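Labels run A, B, C and D following the written order; every chain starts at residue 1.
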């Protein structure tokens, strides 16, 4: 049980310059005894209202140097404070405020919301077990308008899809990875580096791109690049939810449509997922 | 990988009387080899477009006698047709069309959408493993305006919640259960019976209700009643996402509010989950 | 300016039997002077927080005998209390809680949310003008699986739609109507009667239905029936957002699909709107 | 009547460099006769399917140099082609794809979705009337963490809001403006300039900001700056939906919270709207 979507803003000031971190936190516990379920005995139950208070107090005391550190702080607090807690799991997601710029000049206290991929993390711990930390990005929508195809697939009497060597590849990406030993990691820096790897592996070189033979291969390329470039990542999971774009058939309308006008097909949508670790 | 939200309507006619079943299907596969991820070799890949075609063909051929039977049909088809499929999972969700009544008379071909709890099911199978079938209900919003409290809970310096012995209990319920051997089950009949158990356990007797000492205990009561009444259910999972209702403090406004005006608190919200099986 | 989505529950008790009315209120004002916009002078501005307080106080004092009466109460309060208010508009929408039944027996304090068409109303008044009251229903999803066609329409070189005399008619309906003189109206009773008219005009007789030559004609039939049966309605607006269902072409898959399997087309969707009054 | 959410992507290629414009179009018509409503006579009705075809054909033939020009093209087509059209209104909204950059280098065919304010436009025309063009931005979420207050407002017995001279100002902005004579306007350039005006007026100078005495005054400042800087704008409407941030009271928790931890209040939310034109 626990509390979901604890939303708050942590404001940090350095002189007249302001820094904001707005987050949404979920914190879940499992207790050592299920007596509140079975007997209605609440004596060990930490109310979800108290969970919320603790999250806010930790934000006040520690600030949010990184989402990951904040998730770790919450786990540590519950494990060290409450002996009736057998397991704790924390999820932290960021509201993507970015500092506003006017003519290239950063504003000291104004911000704009830019949701081009949402950063999140998780931390979980069993009593007497290790603290495990995950980080990730979600709702990252990417598109490449060529250098993508799908050919040589399995065919039978239910196959109607034609082979295509030049199609649009578009999808919403979810990536989540685990860290090993979390001592002295610069979580903010690593996260930015991984985001860059993802974009690079998706798009390929800026001047020519790189051919993708399937959504699956693109997912794998993203994972391989992250694992090769970022040694702190142990396992990486990636899910790509595709939006197909159908070339509109304009023959009936007396026109030849050379992949200039396409309509997105939002339902049904394909999805592929893969989890990759190190040997 | 697979195809999500394959939406379609299956229309069945008996003379002039029409029956509709509109569903949303997700079908996911895992293949015996990951060569399409690692090498970009698509030769074993069944396109998600073909998956969609198969789902539609099965709906045409078999109809949808029950969501569960349809999910089983899909699993069976993939397992028996494609030797490269190592695992298949199917999710089927119903659009809650109900026959329209005029003055108590059922209409032969008109329907109204009544989303008071969405029926869904899942079926999954590993090659050489058993077919496992789940059914469930989600988005079921229930409220009782008394016979609910929360007292005797654990307190420390972060506790600000007062004890309450008469509060509103309101939440959105998700229940999912597994069946054992699925031969000759009347899935539609069982599902209706379970829904009634859930409502009865939540609300208690119509003339007086039953006191709930916590959300957790209510969740447990629901599970216990289902397990005791419906022998085909093996394991039942329940999640209750609570909406708290705060009694508005009207002292500053010169009024005494005897729990007459309350405001819902939608974020953060509490959640409790429990999975219960048989010995 | 004003306050939107003021959500609250009004609980009414008669002995052990409870009655709930949960609503969402928006209340907007226009002041006689725009000095807060132009000069930043707030001296006439009633804070939106005060607007919220007033709505809650009126709910406490008057209860909510009907949405319409409550909207009228709010308008009256602002007009009579604040001479700086030039115009007030109130919108009230209901959360569709219904009493729970167990084996046909009504429960004294348990409720289930059944969103099969949302009831709402509006009231507005200019200083020195009449109070105008609207009521309506929205998010009402209806379907008929035959007795619908679309033929004889205008054609040119951009027309690819075939004529059809037997299709599914499905859509989400929005209806809003105005009342004339509001003295002694039983708003709850009238609303229920109008809802029944809408369903009847949409579906036709239960044993055979009634042919609809277009969405437009169905919209008109609904309006005509309401105006003819409910004398208190002066003007009625209706908007029908259609979902088309395409019959899946299964020729390539070796099957004949006699309108048994259809897929909904959610985007783009057609829409038709009409406003009809009395002579 | 008409067609809503006609979604498509227009791909334009210059050598190996690709340009995308993905839009969502709504096109509505009013015919000279309501005979399809009253008599079920469809002979003048242009099917919404044909409307969709026409939009796609125009996209293929003309491309989308700007949303506004495309909306004008659609209006012109309906007015000149169909004499039974009495009125046409078009709405065009952009999916915010931005070219992907790798280390500062633009990618030739890869894009990322960055929804930091959605661009849209409208064009409408009555037969024998002028073509009127609107443009706008919506879903633009902005925040300033100081230089905002609300004092000196009207108070009575229902007022509980304290005066505040240093609060967070946060909201979602909607702006829509009309152009006069549309000949030779560079719609893309003007739109960007107006967006910059909005941000500048909201935030004030980057090194110190500018005090806002109310949401209303901020709305007015935005409008005034746009009207003064962009001569092509005739009338500008702005709506600001506020999210209040409450400073969490931590006294009970033994802490002093100097506006460091705040929780957003999403419902109810305040709203202010103003329309401003030239003399």
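The criterion applied here is as follows: a residue touches a chain if its C-beta (ideal position, glycine included) is under 8 Å from a C-beta of that chain, and two chains touch if they have at least 3 such contacts.
Note that the structure is a prediction, hence the values are computed from the model and not measured.
Asker: Any chance you could name the chains that touch chain B and chain D both?
Answerer: A, C
Asker: A-C or B-C: which has the larger count of contacting C-beta pairs?
Answerer: By the number of C-beta pairs in contact, the winner is B-C.
Asker: Suppose each chain is reduced to the average of its Cα coordinates; what separation in Å results between chain C and chain D?
Answerer: Whole-Å distance between the two chain centres: 26.
Asker: Just how far, in Å, is the C-alpha centre of chain C from the one of chain A?
Answerer: That gives a centre separation of 38 Å.
Asker: Which whole number of Å gives the spacing of the CA centres of chain B and chain C?
Answerer: The answer is 28 Å.
Asker: So which bits of chain D are touching at least two other chains?
Answerer: Residue numbers touching two or more other chains: 7, 53, 57, 158, 160, 253, 267.
Asker: Spell out the residues on chain D that touch chain A in their complex, using ranges where they run on.
Answerer: Interface residues on the chain D side: 7-12, 16, 18, 20, 22, 53, 56-57, 59-61, 97, 100-102, 105-117, 140-147, 168, 196, 199-200, 202-209, 245, 248, 250, 253, 255, 257, 259-264.
Asker: For the complex, which residues does chain B have touching chain D?
Answerer: 157-158, 160, 252-254, 266-267
Asker: Along chain D, where are the residues that touch chain C in the complex?
Answerer: It is residues 1-7, 28, 34, 36-38, 40-50, 52-54, 57, 81-82, 84, 150-154, 156, 158-161, 213-217, 219-220, 241-242, 267-274 of chain D that touch chain C.
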